[in-house]
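Once you scroll down, you'll see the structures, which are given as structure tokens.
In what follows, chain A forms one complex with chain B and a second complex with chain C.
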Partner chain A sequence: MLACLCTVLWHLPAVPALNRTGDPGPGPSIQKTYDLTRYLEHQLRSLAGTYLNYLGPPFNEPDFNPPRLGAETLPRATVNLEVWRSLNDKLRLTQNYEAYSHLLCYLRGLNRQAATAELRRSLAHFCTSLQGLLGSIAGVMAALGYPLPQPLPGTEPAWAPGPAHSDFLQKMDDFWLLKELQTWLWRSAKDFNRLKKKMQPPAASVTLHLEAHGF
Partner chain B sequence: MLPCGTASWDSAVTWRVNGTDLAPDLLNGSQLVLRSLELGHSGLYACFHRDSWHLRHQVLLHVGLPPREPVLSCRSNTYPKGFYCSWHLPTPTYIPNTFNVTVLHGSKIMVCEKDPALKNRCHIRYMHLFSTIKYKVSISVSNALGHNTTAITFDEFTIVKPDPPENVVARPVPSNPRRLEVTWQTPSTWPDPESFPLKFFLRYRPLILDQWQHVELSDGTTHTITDAYAGKEYIIQVAAKDNEIGTWSDWSVAAHATPWTEEPRHLTTEAQAPETTTSTTSSLAPPPTTKICDPGDVGSGGGPSIPFLTSVPVTLALAAAAATANNPLI
Partner chain C sequence: MAFSAVLHPAFLLVVLPLKASLSEVLGEPFQLIPEILTVSIQSKLQQVNLQWTVPNLTHQELKMGFQIEISRMNASNIIWVEDYSTTVKRNQVLHWNWKSEIPLECVTHFIRIRAMVDDANYPPQNSWSNWSSWKEVSVQVSVAPNTLLIFPKSKLLEEGSNVTICLLYGQYLYNVSCMLQKEPIHGEQLDSHVSLIKLNNVVFHSHSGTNIYCQAMNATKTPFGTVLFVSKVLEEPKNFSCETQDFKTLKCSWEPGVDTALTWSQQDSQNYTLYESFSGRSELSDHRNSHNWKITEESQETYNFTLTTENNLRKRSVNIIFNLTHRVHLKAPHDVTLETVDAKKANMTWKMHSRGDNYILLCQVELQHETEVIHECNVSVHMSASYLFSDLEPDTEYKARVRCADANHFWKWSDWAQKAFSTPEAAPSQALDVWRQVRSENGSHVVTLFWKPLLKSQANGKIVSYNIVVENQDRPSEAEHYSVQAPALGTQLSLDMCSYKIHITANNSMGVSPESVMALSNDSGHEEVHEKRIKGTKDGFHISWEPLSGDALGYVVDWCAHSRDQHCDLKWKNLGPNTTSTNITSDAFKPGVRYNFRIFEKSVQQNAQLLEKQTGYTQELAPLENPKVIINNFTSNSFILSWPGYDSDFQSAFIEGYRVYLKSKEMQCHPKGKRTSLSDNSVLCEYEIKDPEQKSFTVENLQPESLYEFLVTPYTSAGQGPNETFTKVTTPDENSHMLLKIILPMTLCVLLIVIACYWKSQWVKEKCYPDIPNPYKSSILSLIKSKKNPHLIMNVKDCIPDVLEVINKVEGPKTQCIVSGKPHNEDVSIKPPSSVPTEDGSSGPVPFMFFENFTYDQSAFDSGSHGLNPGPLKDTPGQLGLLTPPDKLLNVLEKDYMKSLAESPTEETSLIYVSQLASPMCGDKDSLVTNSPKPVHCSGYKRQMAVPGRLPSLALSESNSLTSMILLGQGEQ
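Here is the complex of A and B:
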């Protein structure tokens, strides 16, 4: 059973407030976030390949198509088409932020158990990059004036030593974690593309407005 | 072995196929025996009472084959709206076949709507995007002689392949002998290029060479080639791909173009009189050809090429005009 102690993530240092002089708006940081998702997706491809080989068959077989059992607490990228299209910016960003917060936490758990030093190194590197993505999303949210999601008191995910389950089921959880991570990165690219397109015209006007106030 | 209806084995009968008599050595009593059945044996078989020519029985024979394993493929050229699957048999059966397609997304059955025009294609609409669960499409084919099936499994992202870009047009750039301006449009089947932008791949070569030049473009639907060989006709094609997922489209219909070339000057010498410095007697209209006015060409310093028809008799001018009109220079 995947569960996670993630308090440290919910208390990221506050992102500096919008710089009022000559700020280009959230556009460049949305682009940067988009670029980070592409970089991470590329990094994940080699990481996942190595990790699945470590898990061994059937996990590393291309046709492996298991039913989605367990791993209920993993944040799911899948969403109804119309719902996804009509997400407002705040919700879109929040969903991304929350998803990667949880995924990073689970990945860190994976790292603790990983058998080889090489795997631990790759996972640690990926976790650092993923932390960077989270920071980037936080930056975009701050630039747009949206609050970072905070966990409700009492519902903070804590390490739950679930019923001892077999080695195979643990590997299934790992498989789904990597699969969900890959899918989220694809989704985020589309999410940030959408945000980029929406932000383009207003970005210029925001800059002008701020400069006027600066006088 | 074709029995003659209810006739007894020792009845005297004659068999015909499509009106043609069959030799008696094919008979086993009153039954027709066809050995080494082949496609040519298809037809209307009839048996007649030998003496009265009374028709006792007829049967329509279709010779066919049981179906081989069908070939199935799926593709999304309308992401994120949906995808389609199409199929065919590797070898014909010569008799009617029925196909049955089922689409599973995890444990959920999805509807595959028949294409209105194509018999071997059906369409599935995506309800959810960004799914981690694979799609499994199975097809079964059966006819009177047998049955066969196949199935394919894939992730949502892997089957995305747009249609080729449309309306690829290449134009010469005036006054630029090494440039060609290429424009195109995103394929009309791609439903949402704003949220799901496409990137493009352009290839071009002069007709006389085999090697292509390639350019990858991350956005925009125009590109200017700046290293074309002067005066050579070019062939240009464009392909499209979703920015992040799937595979490249097929190449578009080719566009052809030749870069701009300077209008040859030798045509004017036929009409040119011996040069005179005074050129005020001109009352002739300029020639009707559309000459591109290149500053260097017209000669800002009043060179010999300026009013080159002015001192020339009328008849010659008209001949020159006619000559130039017959030689389109673009």
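Here is the complex of A and C:
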């Protein structure tokens, strides 16, 4: 019995059903954002498979890993680990928000290329979910008192193919968009997990609700 | 090229003479050299647009011919020559297009033009003008080092067409490999930095295009690629037609064919446009396969439609021309009603949407019963019409339907309009098919009546009940009425032995059916006829018979469908008077089942008389089981096998006989049998019994004490019974019964003697071997008495013993007794006084029990100091310790004891001889040592010894078990 109690107390910080006394703070919304990120990761896996098949070979081949080119306008998710660690909360959230704002916009552009109604439906569903993630990030930023980044004039992403932009490169852009989106979702999960841990209040200030399941 | 080479000199020959005259008219040499204004390129279309003018043209209009030459890579490599004729106006800019099969980005082209007057109104120019200067046609494309450019960047083309892809290599790039989807493709090198890949007969892969991608060594960017958007070939619309229902709208429809849409904004689905030439109207269809065309001009009767379908690559069209009145597809009839006139007639009415009463329509009327069309008729009608259906079945559901078309110009039937209806019931139209089964029971006839249900067409409604009237022929006034409720198909009557006539009818709500009559004579059910065997086929039985009388009304064949079951399920077949054979078929017939048929002849009086009985199988089967055999009269040389018969209804075929198989070691078959072998190669004797009624078999000539195995199996035309396990039997020994007859009585005798002996054992014992012989009872006494000599019996007290001899000594157990005693010398000593527990009342060790022999005691007293005086016993070494082995100990003890007996000085005058024969049992000893507080081990022996004479009474008082003490002395008897 005593061992059980000790175990419970040890794991108290990890119990999500615990409510902090008074203002819950940004913790729950960070958790929600984290969960949404993981859900979108799962959803994208299915969508990307379908869409890359639609693009045809070589884009749907598992070992197709071209160098990133022509997708310079896409926000880049990969970042040096040290740089990532040194990011403050505001910058971290701002980068996420900006990235998904751009990615969402590009993603909507995919819809017009889609041939089948089913693919269009999947894309629309994913866009809605991504819109939700964006709103969720905005919520976290508001809770922490950070202002939302303003879109710079003239930097509104445009996907209209230029005269030199071939259809093959457009397909390549689509490939990179999905790949970058995947990387961003992976990174965001790390970001929000880090934020979540950081925002976690000390264990002593939580009240254990005994109706929690599992006892 | 060849054409121009031939044409050119010929043309010059014709034109040269004319040149002089034209020059004369014009007053100067006539040279109209075209001037190229611009040469532009449409890269996506791979098209060169040439614009030129003819300067110095003085005429308003002049018909001219032009010749255009195109060369590739260098001016001398002419790849295209084309003549172009047109009427040229003054200052007019002329256009001409040329499509290159090679993307123009890859190769430089050159173009030039020349002209010649070709106008009938003017003297022709004697020759071509001079060529314009070469104009270079190229797209400036710079290829960066280590990169590759692929042209066209994307291309829309039709399935089955050819395309040329060109690759432009940048500096330092090498080892380029390209793939189409997943297949490698190879090109031809045009020069050091250009190669061409020609693809013929391209196929459709995906709506999102076919990817061509290349990779190269040393490339900074990879992969490089292009997309070919291969469209399916646009098909011509099929089955294009238009029709009207209401003269307000023309509905045109067609089969559109394959959708040629491509994604990536390359090509939408093909569109469909309708153009009517008389009205000049054109409408784009909203649907892929139909369009509703509004009729705006009522007076227009003829329509000429052109349906055109178009995509980015192709256009196709089909045309129809028709008169509107010939394309009328009427709406389905409405207000359909059905009214039943009686049980067999019904009247249908309907109305049509029509332009007027004068408009004649052709209508098709159908009557369906259970989805089957039973009546079909075409009628000409006006707006409203009716049709009478006759010859309908009573109490039947029907479905009537009607459709119409224009009678003058048949185009299409309208949709059906339908209505379901039912005719009312009518009285049953047919008499019941009845039959009976008669059996005699307790002096009366038990008649079971059967009838078959009427067919629906005969019943004319739901049968409610069956009426039975039983009429006694002997007493006509007495008729009994019975009613059996449907759906029963039979009943049972008990009638006396009179003649009867039975009338049976079926009733429904509308009336009664015609009656069926059967007569019963007083001998019905008693007929005895011979049973004949018949052979059936898998389809059934063919039954034939001999008519009994010439005036038979008909014949009836009946049989049980389930002959093996309790429920017979009687079937019968009515046959006409002139019939003497019939085929009985039934799905219920099974192979291996016996069916019994009875053939009756119906007389004019409706009486049925049994003609014949026939029995048979559709297919005979081998018996499924062997009979259970019983062995009788079992002797050493023979036994009889017997078995019960089979019930004939349960035989799977006619049993033709039995086979008895016998196996033995000797394998000597009886002459009646034969040696045969079974499927398992075992050899045995077979005896065949050809009479199926014989149910026993004697197995003879057997050897005694031998093992025999037998099997009895029936055989039929289809084979014999199953090869079951043989029953084993061993014949008995020949003399065994004799032995039995002797041994048994002898045993009984011996037993009786034993019982008698036991019964008289005491008497015999006393007589033959008493425990203590009584000299007074001895038979010798009679001899003595007879001699009157009383001194023949020796009196002990008269004897003076010279020597005392120990006549018996017991070994073994005494060691144990010694060991169990206390290891003190005085205790272990055989000195009786100290060892007797009664001396001091204490509980000293009592390892021994002493029994005094008063006979000797007395004699000792009597004889004074005569005799042996063994003196007091001394300690012996055998009594020193527990570690000495018992037998050794005993020997030592025994030796010392004998020595002491011999050497001991006489210290005491009296001696007591104690018999050591009496060896008390453990149980006895318990009683002896009851006063001893210490446990006492069993004493296995008793030593006979001399004890002092003064202690006899004490020792005697302890001795109550004198099992083997012999008292020698007088007065002790």
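Note that in this section the second predicted complex is superposed on the first by the 168 of 215 C-alpha atoms of A that agree within 3 Å, B and C clash if a C-alpha of one lies under 4 Å from a C-alpha of the other, contacts with A are read in each partner's own complex, and residues count from 1 in each chain.
Note that a contact is a pair of C-beta atoms (placed from the backbone, for glycine too) under 8 Å apart; a residue touches a chain by one contact, two chains touch by 3 or more.
Keep in mind that this is a model prediction, so the values were computed, not measured.
In the superposed model, A:P57 lies in contact with chain C only, and not with chain B. Applying the stated contact rule after C-alpha superposition, one finds that A:P67 touches each of chain B and chain C. Once the two complexes are laid over each other on the shared chain, residue contacts for A:T183 go to chain B alone; chain C is not touched.
Once the two complexes are overlaid on the shared chain, A:K171 sits against chain C while remaining clear of chain B.
Of the two partner chains placed by the overlay, only chain B lies in contact with A:K197; chain C stays clear of it. Looking at chain A, you'll find residues 67 touch chain B in one structure and chain C in the other.
The touching residues of chain A, when paired with chain C in their complex, are 54-59, 66-67, 69, 112-115, 166-168, 170-172. Interface of chain B with chain A (complex): residues 80, 106-107, 126-134, 136, 153, 157, 194-197, 243-245. Across the complex, chain B is touched by residues 38, 41, 63, 65, 67-68, 76-81, 84-85, 176, 179-180, 183-184, 186-187, 189-190, 193-194, 197 of chain A.
On the side of chain C, the complex with chain A involves touching residues 150, 153-154, 179, 181-182, 205-213, 221-227, 229, 263-265.
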